[in-house]
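Each of the next two complexes has subunit A plus one more chain, namely subunit B in the first and subunit C in the second.
Moving on, here comes the complex of A and B:
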């Protein structure tokens, strides 16, 4: 009886793994596509119907990219530095600010809490495009044009991150915090030693999402920056793929698409391991 | 008398201390929020009741009341149609994403070799499902399922169902890719949610003789309701701010058009937001009602 039971288990396990692998490969497809596209020669890029795998890999696209970037006034590395610098600082500050806000929204009493929650929900809906002009007026009014602050500040009050944090901190039992308080812990201590470790899955998720948004953002560079040295890589990529005429555009777009994607992949690989670990052993029960 | 006032004073001080911490922690977020979200949003609401033109001296406002809304609903022949079709599509996709991600996270919660890798794989689309990359992929035709054409599925479907049902099913098949790629965060939230249900509860009902089916509906599902609500909100927001969203495109086109202007575009955006707000309100209300009976569990 035990034997047949075990057999059943293995069969269902195997079919489970096979099924998940099937969908999983589909999830992986765009990345395979991106990597292959970057190494395709011109005639394969224009092939119809398009193929996923490259037949004759070549570095031609990267050569084209290198040729065009070296002709520019501002070196490519400057854009790269701007992008990475801005994305890292913004992600870090968004995480701190929104975890703090999420903590008090979830576990503290103060006036206007319902009002603030309502405001967050409304703000979730707003795409940056619709408030672009008022935002521009504020940024230039504060004298932030052509500074890194103009890249960072507009992202700081991210409604998505606060919403995620608040919902996650709701799961932490209040008695845990009360117990800590009775033992004489200050709010800062509770925040650093209890809230942050217990919310690390949400922190990791919010980190990935924020990094992604900031890194891909072109609005900041287009609207608030007039100096070329202050613009970001995402802007540079967009400008380049739009302005270069002819077939070179497709070729450069495919190689730069991969380059743009790599930092995202690295951040993802860094955070996801931590995220999954904390999800398995977290004290949130 | 004197003792009473000092006690009241103490209470006031105590409450102020408790509230003060709340305000202090809230402050950085609040400042950023007022400056870069609340104020611009309020401004755009005001704009929506005005005719706004950008001249060389700056902005020129003319108060027109509800005229912008009237114009875009009655005179504009593209906006209401695009809005309605997109609404229909989204209402169809949201439950599908929720069901799919719930199902997958349920499977990913099982024990099997390579589980950690599989989880990472399903979260992967999050890093390319926004902005530039997805535009590029759709532009290059990676967004369609090849087998729909290959096996003449559309013809078969049209034969066995009536016109509107077949179109709907084909629409879902066409959206399958979006559903797959847009459920990363949802799957993650669900998996995290499963960890909040203690294993001892499952053991207890097993001892009491409950089948897996019963324990799913009696334990897992009610325990997951808050997470389903959270995911529904997240999905709605995610879909409505989708970069390929046709409504946003029409708003953007009208923004700098000389005949319509910024005020008109703001009015369009506001109507769109109003509809999303109603949808979110319904979602939150349902979640609240479903979890209310067991308020102390949260």
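Moving on, here comes the complex of A and C:
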């Protein structure tokens, strides 16, 4: 296949690149739109006929965001703090918990292992939305309402992260770990000094996936939080866009849209190569 | 009087099977104890897994057999919820099921096939420029959710400021602005297009990874064996070689399709869409759970959804599952 391509480097390859570039631009349209809208002054947001590209970029929307919301009951910065705090803590905990589970499921032998693996494989298709009511009952039963734990704990049960970790650790040679054991290394030492450094691509991938899910999540804020001060930025955006938008709100919404997207993009760009590397081992066998 | 401990009784029993049970049980306990570190490592995940996934599913199944309004204690009513669902719930039969099927059949397999086609096309490019294209295709799934509704509401806005209206007006295709999101005729189509846009997620990346694992020597061998074109190559070599990744992304496609179901309320800003045009099972569950507080019936609906996705997943395992001898 590669050979055949080198021969016909001229036409088919160029047309493929052109075609994919077209598709790529088409796919990127909403993002281009998001970036431009965030910097449009008010009169351009309501311009007729509408333009995608911004003519006179300003920071007006961001100023509005800070001014308008700092006067409100809960300042915007509080939502932002909640979101960033929760996303960081959750991502970190998910990584630790999933790597530990993945290591044990991959390299240790014990009873129930096959059973637990089977449960995880089925749970890969699990979506929290389907069982929102029982989850709500459990969270309020445990007395976690209006606490950060209710934002964090449900995400720790992440079958996808554990699965990716397990598949990745599978390809670390077992003799390496046995050799370390012969030299007197404890399980804890093996885990910290061998497993964690070798799994960095999988860790990066799980980090991207988890961060995105947590940062975008509104379920936690809508269902488990009654105090406005405990809600997240994603919830604030949703509340903002679901209300009938006035002039000020459109301007704030467009700046906040960019704020919702940027952290995801930055994290993805940082870890992109490692992500593909992990996906080499993502197969379900 | 001599007291006899239960274990002694067991050991002193002459019948062989009981002895072996007792011994086995003790050995089992000893093995569990010697594996305690494994269980300790697994504990944090397992606890959350049980708490927030297994128990909720069990509770949902139990609640589906009750009538429960969230305040009084659930009252057991057997399978009446399910009977009501399939015989009397007019909205469910008339709108929810057809809409859900239409949405799921287009978005699930559609997104899956597109993911594969684009992953394959990108794989044909030289390594140096691959990353840019995969980023471009993956990017929409990063914006998915709340931020995206803003983009779409502006694009499909019903007045002439909406981008789509503006383009179509200037091309002369329509004569007056269309209420894209409020018109039942268009809503479903728009929902499908928007979801397809964001469907190149983790599954797409898994396929990109999978394509790299295919042994390139197989292509040479295939050509000797008489494979003529790329299509045959994909069918006979590429897909069988990356079955595990295909299966993983199939599961992710199912998850994506279920999650995307609630997009209609994001687009229209209404929980119940006009004339139930975009009413899929997610909205139906939300309606009964958080607007009518009929939690028993809502749970029955979620059980149906869980069963449905489980069946589809089993089907995917049948198609892409690796046999023992492979």
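Simple rule for what comes next: the second predicted complex is superposed on the first by the 194 of 285 C-alpha atoms of A that agree within 3 Å, B and C clash if a C-alpha of one lies under 4 Å from a C-alpha of the other, contacts with A are read in each partner's own complex, and residues count from 1 in each chain.
Just so we're on the same page, a residue touches a chain if its C-beta (ideal position, glycine included) is under 8 Å from a C-beta of that chain, and two chains touch if they have at least 3 such contacts.
This structure is a prediction, so every number in the text was calculated from the model and none was measured.
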item: Touching partner for A:131 - first (subunit B), second (subunit C), both, neither; value: both
item: Partner chain(s) touched by A:149 [first = subunit B, second = subunit C, both, neither]; value: neither
item: Touched partner set for A:110, first subunit B, second subunit C, both or neither; value: both
item: Partner chain(s) touched by A:84 [first = subunit B, second = subunit C, both, neither]; value: neither
item: Which superposed partner A:212 touches (first subunit B, second subunit C, both, neither); value: both
item: Which superposed partner A:46 touches (first subunit B, second subunit C, both, neither); value: second
item: Subunit B versus subunit C as contact partner of A:170, first or second or both or neither; value: first
item: Touching partner for A:201 - first (subunit B), second (subunit C), both, neither; value: first
item: Intersection of subunit A interface sets (partners subunit B, subunit C); value: 13, 16-17, 19-21, 23-24, 27-28, 30-31, 33-34, 37, 49-50, 97-98, 100-101, 103-105, 108-111, 116, 119, 122-127, 129-131, 133-135, 138, 153-154, 156-157, 159-160, 162, 187, 191, 209, 212, 216, 234, 237-238, 253, 257, 260-261, 264-265, 268, 272-273, 275-276, 279-280, 282, 284-285
item: Residue ranges of subunit A in contact with subunit C within the complex; value: 1-2, 5, 13, 16-17, 19-21, 23-25, 27-28, 30-31, 33-34, 37, 46-50, 52, 96-98, 100-101, 103-105, 108-111, 116, 119-120, 122-135, 137-138, 142, 153-154, 156-157, 159-160, 162, 187, 191, 209, 212, 216, 218, 234, 237-238, 241-242, 244, 253-254, 256-258, 260-261, 264-265, 268-269, 272-273, 275-285
item: Residues of subunit B defined as touching subunit A within the complex; value: 18-19, 21-23, 25-26, 28-33, 35-41, 43-44, 104, 107-108, 110, 112-114, 116, 118-128, 130-133, 136-137, 140-142, 180-181, 185, 188-189, 191-192, 195-196, 198, 226, 230, 233-234, 237, 240-241, 248, 251-252, 255, 262, 265-266, 269, 273, 276-277, 280, 284, 298
item: In the complex with subunit B, residue positions of subunit A that touch it; value: 13, 16-17, 19-21, 23-24, 26-31, 33-34, 37, 49-50, 97-98, 100-101, 103-105, 108-111, 113, 116, 119, 121-127, 129-131, 133-135, 138, 153-154, 156-157, 159-160, 162-164, 167-168, 170-171, 187, 191, 201-202, 205, 208-209, 212-213, 216, 234, 237-238, 253, 257, 260-261, 264-265, 267-268, 272-273, 275-276, 279-280, 282, 284-285
item: Residues on subunit C engaged by subunit A in the complex (per definition of touch); value: 28, 31-32, 35, 37-39, 41-42, 44-46, 48-49, 51-57, 59-60, 63, 118, 121-122, 124-125, 129, 131-140, 142-155, 160-163, 166, 170, 197, 200, 202, 205-210, 212-213, 216, 219, 230, 233, 242-245, 247-248, 251-252, 254-255, 258-259, 261-262, 266, 269, 282, 285, 289, 295, 298-299, 302, 305-306, 309-310, 313, 317, 320, 322
